[in-house]
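We call the chains A, B, C and D, going by the order they appear; numbering starts again at 1 in every chain.
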Amino acid sequence: MYNFRTDLASERRDIYRKANKLENEVEGIESEQEEINENIRIERVKILDENGEKAIGKPKGSYITLDIKKLRIAQDEDIEASANALANELRKIIDAHIDKQGEVLVVGLGNSYVTPDSLGPKVINEIEVTRHVIKYLPQYVKEGTRMISAISPGVLGTTGIETVEIIKGIVDNIHPKLVIVIDALASRSIERISSTVQLSDTGIVPGAGVGNTRSEISVNTLGVPVVALGIPTVVETAVLVNDCLDLFIEKLQQEAKSNDYLNKLKEEDNYEEIKEALVPKDYNLIVTPKEIDDLIENMSQIVASGINQSL
Amino acid sequence: MYNFRTDLASERRDIYRKANKLENEVEGIESEQEEINENIRIERVKILDENGEKAIGKPKGSYITLDIKKLRIAQDEDIEASANALANELRKIIDAHIDKQGEVLVVGLGNSYVTPDSLGPKVINEIEVTRHVIKYLPQYVKEGTRMISAISPGVLGTTGIETVEIIKGIVDNIHPKLVIVIDALASRSIERISSTVQLSDTGIVPGAGVGNTRSEISVNTLGVPVVALGIPTVVETAVLVNDCLDLFIEKLQQEAKSNDYLNKLKEEDNYEEIKEALVPKDYNLIVTPKEIDDLIENMSQIVASGINQSL
Amino acid sequence: MYNFRTDLASERRDIYRKANKLENEVEGIESEQEEINENIRIERVKILDENGEKAIGKPKGSYITLDIKKLRIAQDEDIEASANALANELRKIIDAHIDKQGEVLVVGLGNSYVTPDSLGPKVINEIEVTRHVIKYLPQYVKEGTRMISAISPGVLGTTGIETVEIIKGIVDNIHPKLVIVIDALASRSIERISSTVQLSDTGIVPGAGVGNTRSEISVNTLGVPVVALGIPTVVETAVLVNDCLDLFIEKLQQEAKSNDYLNKLKEEDNYEEIKEALVPKDYNLIVTPKEIDDLIENMSQIVASGINQSL
Amino acid sequence: MYNFRTDLASERRDIYRKANKLENEVEGIESEQEEINENIRIERVKILDENGEKAIGKPKGSYITLDIKKLRIAQDEDIEASANALANELRKIIDAHIDKQGEVLVVGLGNSYVTPDSLGPKVINEIEVTRHVIKYLPQYVKEGTRMISAISPGVLGTTGIETVEIIKGIVDNIHPKLVIVIDALASRSIERISSTVQLSDTGIVPGAGVGNTRSEISVNTLGVPVVALGIPTVVETAVLVNDCLDLFIEKLQQEAKSNDYLNKLKEEDNYEEIKEALVPKDYNLIVTPKEIDDLIENMSQIVASGINQSL
């Protein structure tokens, strides 16, 4: 398998096609793109079988990427359009797994006291939960209303408990039919940071992006399908430098100041080498845009509204 | 049983003794008081047997009240002295139930987005958890270190799940030997508001004070001993009015403006009647002091430091 | 002059009429009411001359009260309707003093770290300021755009400076034609708390309601007209008790348990006596509803949107 | 003059000496270093005359840099030691300009709603102001107490008013003898970010680091001496890349994979070229460490305590 260095199925498919000089779609994979408007774009990738799995190293399932440009200065209508687009994608994924009344548990990973990690808890606070009303005051809800519950379990560093252990405990106790997990994650590219939502129905490994390996949250561990919404909110310095080095060399090339070695550097992925150079000096900071408060605010509105609409 | 209208074992004992004109302690009950300094006072009540249980309507166990005057303007030394006093009481209660290495789960009830209800989540954020370090990096901790984990499960209104269901799920999964529950609750007296910590080893019913009956969190539901820390942070208007009516009539008496009927009113507990008068007009607000942000900040430091020291 | 114990011109007018058994409007005063919808009501009182001033003890000018029921659970459409209603009233008042291009400075009093006092700073954060754009990038704004600036000067307790000194310094430096001041204030009635906006074009004395006498913010001190938006967010316990005592006695009357003295108590305003009874025991807390975070959030949306629309 | 690309007098002095191959101190400059402990280091640079001014392009005055390693995980004792060190330096600078009773105004620049920019407002909230007590309740303070006031004026983007206009208005109204300004600024080096305090008695130009040129805040504009405390909390991506490129090339050199052109690149400052490469793609983000909430919290404690002690 390639060292893809990206979680995005669509990016992995591109890398695979380029490396194998394929004109057409990879066998075992289907994909499509859609432009909602000039600022919102959707890519849908489906891995259909073992061929697709093997090619890009991800399990069978649906992978959808929603890109929103200029999120920080998004107006109400952009936020609404993004939420609607997210709701549509989410609805299709959920409907593929459970029926219209199937109970859903929404889980918001993250730490509400750390701004770039506060997206999950913020979204949970806006989810329209119904489970308690249906259970205790059924007269107040329309028949057929879906049971929805929501929890923000905290992070390993402040709970001392694996997130999956907490969720597993709750799932075993209340028996939802499907779990939606929201996770702020590390971006593998400067372009994706705080402007992308990644949906998939194959679950996630929280914190994978920043080196905290914790157990998988998926149908394998929970026993019910897990729809993951991953939103990149931070990025490693080595990723920034790797992305920017290419641009810098490109500029040198334009000015005829580059050379063979630099040209070769540009063709390669230098992330690992850069990381090795930065780590000993404690330079490999995890960083987030200065405007992270506004980005989280806007993104949590989009995600909360998208989930509420889709359920 | 009397309508005690207070959760405090010490206050119930006083009411029982007065009503029964007892000179000595109630049978089946032991109690003592201690002044730590001019601002900090402790009362300890132990219900020993069924006689005690029947007299004041609370299960066998230890009930400790820590009163801190002038908490809002408390200086660092007052906060430290209060935390030390709390740690001492907590340590005795915990040691009475489990050994020094017995694993403990700390649970902070409440909603971090509602200031008067944010104490639990705030405290959880400051608990020094060790469970994950002992499990994954045992070389970094001294042998014999107690496993500590912490969770802030949210509230029924935003999760849709009974708090006890969430805690039960986690307890069944990670098997602590004892649970500590922190709860911001409604005060039954204007004097206690935001200046009292109530400890007991008999568990609690969250939200009981403000009319949200939710299931008990205790050894009965969780299967392990539950130490409860209750901190009154809000009060019903009817409670305020009932307390203040007495002071007002007293003033009228001093000015010889009272009469037999008012004198009788003062002797009685008019809470229920006042409540009935206020509810139809939506006047029975739950209120909190204007300075609640500072009170919660200071109290969460005391409780977090008290728990950390005691464990 | 009567001891009105209310800042609301409309309430003072009612008291004056009742006391003087007037059938018609007080001489020198005009007033009208309007129901926007079942939850929103407006009262407009104009004091026209010295007769009006003398009758109700307030300076000549416009006094408008906007009442919003059920603000805590207000939906988006209620918030929008309230903001529109506020914008209409505000526009009329502003237009009566300056022309459409006249520069406006918006001042948000209060302390962003004290929830019930954070309304002013929250609103300022949402005001669409234009002054710097017009000054430095005039090509980006339509001709004729009004210059708007906004400041949140803090409170005497954390600045050490009279608020009026700060505002005066800024006004003398940037020369706006009109100042709008937003102030969270103490309510004189349990019904008004966190559900009323009081507009007037006669300025305000900040903190008057809770016993901090600070200098007037008005045309007298600033040299330009001052439109004040006062929103009651806290209430003294003595006010609560006084309001509730009446309801309690009313209930006793209905049950034929009252007596002449109580009946008389009910007719009188017992606020001062109650306050005197509570103060020595430190019972006269300033309190705020438990839901203050949501109330401030909703109210700041209404006020910010109302101001932005009107300007 | 060189393109120093750093605001730190000590760094400029180093660059000047290297460029001019000086063995000794630059003429017109005095400097010294001190290690407080293994984590805290101080550098003091004094520019004595025009020679010094011309050499490093900064006005005559004192420039002090306090470096604190591992600030994010700093314990209480580290924070206290840092605050003490800051207080000592600050006291010397203040005493050089005004006497022990000279009134001081503390100004906290920044926006409390943007985490990396919230340092100034946070510090202001912790300053022990005395001006109002001395003015209105002189009996409560010891004779000879210094008048201290504090303000957080907001930022141009939310006020529409130049910060210096606001401060000027207040200074003209209350007449302090000295102004202390706290500013979160852009770092010119990855090492300094969120771990350095820069003190000087020559004032500052707020926002200079991130391209918002606003007017100078100094004795020239305010008429009284201005002591500036600058704390780098954000950094441009181009700065990160420039710093990291050197490390990367160094690693290539060690692996004998570099070449003459790369070696030359390493010797040069490529910041401007990198910036030109990044800007067209919107890649030149301003970023901040993921842990910015904790860093701001710890740094605001150090700065507030340092100022309070020194006054």
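In the analysis below, contacts are C-beta pairs under 8 Å (C-beta built on N, C-alpha and C of every residue); 3 or more make two chains touch, one makes a residue touch a chain.
Please read these numbers as outputs of a predicted model, since none were measured by experiment.
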Chain labels contacting chain C and also chain D: none
Copy pair chain B, chain C: interface residue numbering same or different (half cut): same
Per Cα centroids, the chain farthest from chain B: D
Intercentroid distance (Cα basis), chain C paired with chain B, Å: 37
Centroid spacing, where centroids are CA-atom means, of chain A and chain C in whole angstrom: 46
Length of the line joining the C-alpha centres of chain A and chain B, rounded to whole Å: 41
Where chain A touches two or more other chains at once, by residue number: 113
Pairs of chains satisfying the touch condition: A-B, A-D, B-C, C-D
Contact set on chain D toward chain C in their complex: 112-113, 121, 124-125, 127, 129-133, 147-154, 156-162, 165-166, 168-174
Residues of chain B touching chain C in the complex: 113-117, 190-191, 193, 234-235, 237-238, 240-241, 243-245, 247-248, 250-252, 257, 259, 261-262, 270, 273-274, 276-278, 281, 283, 285-294
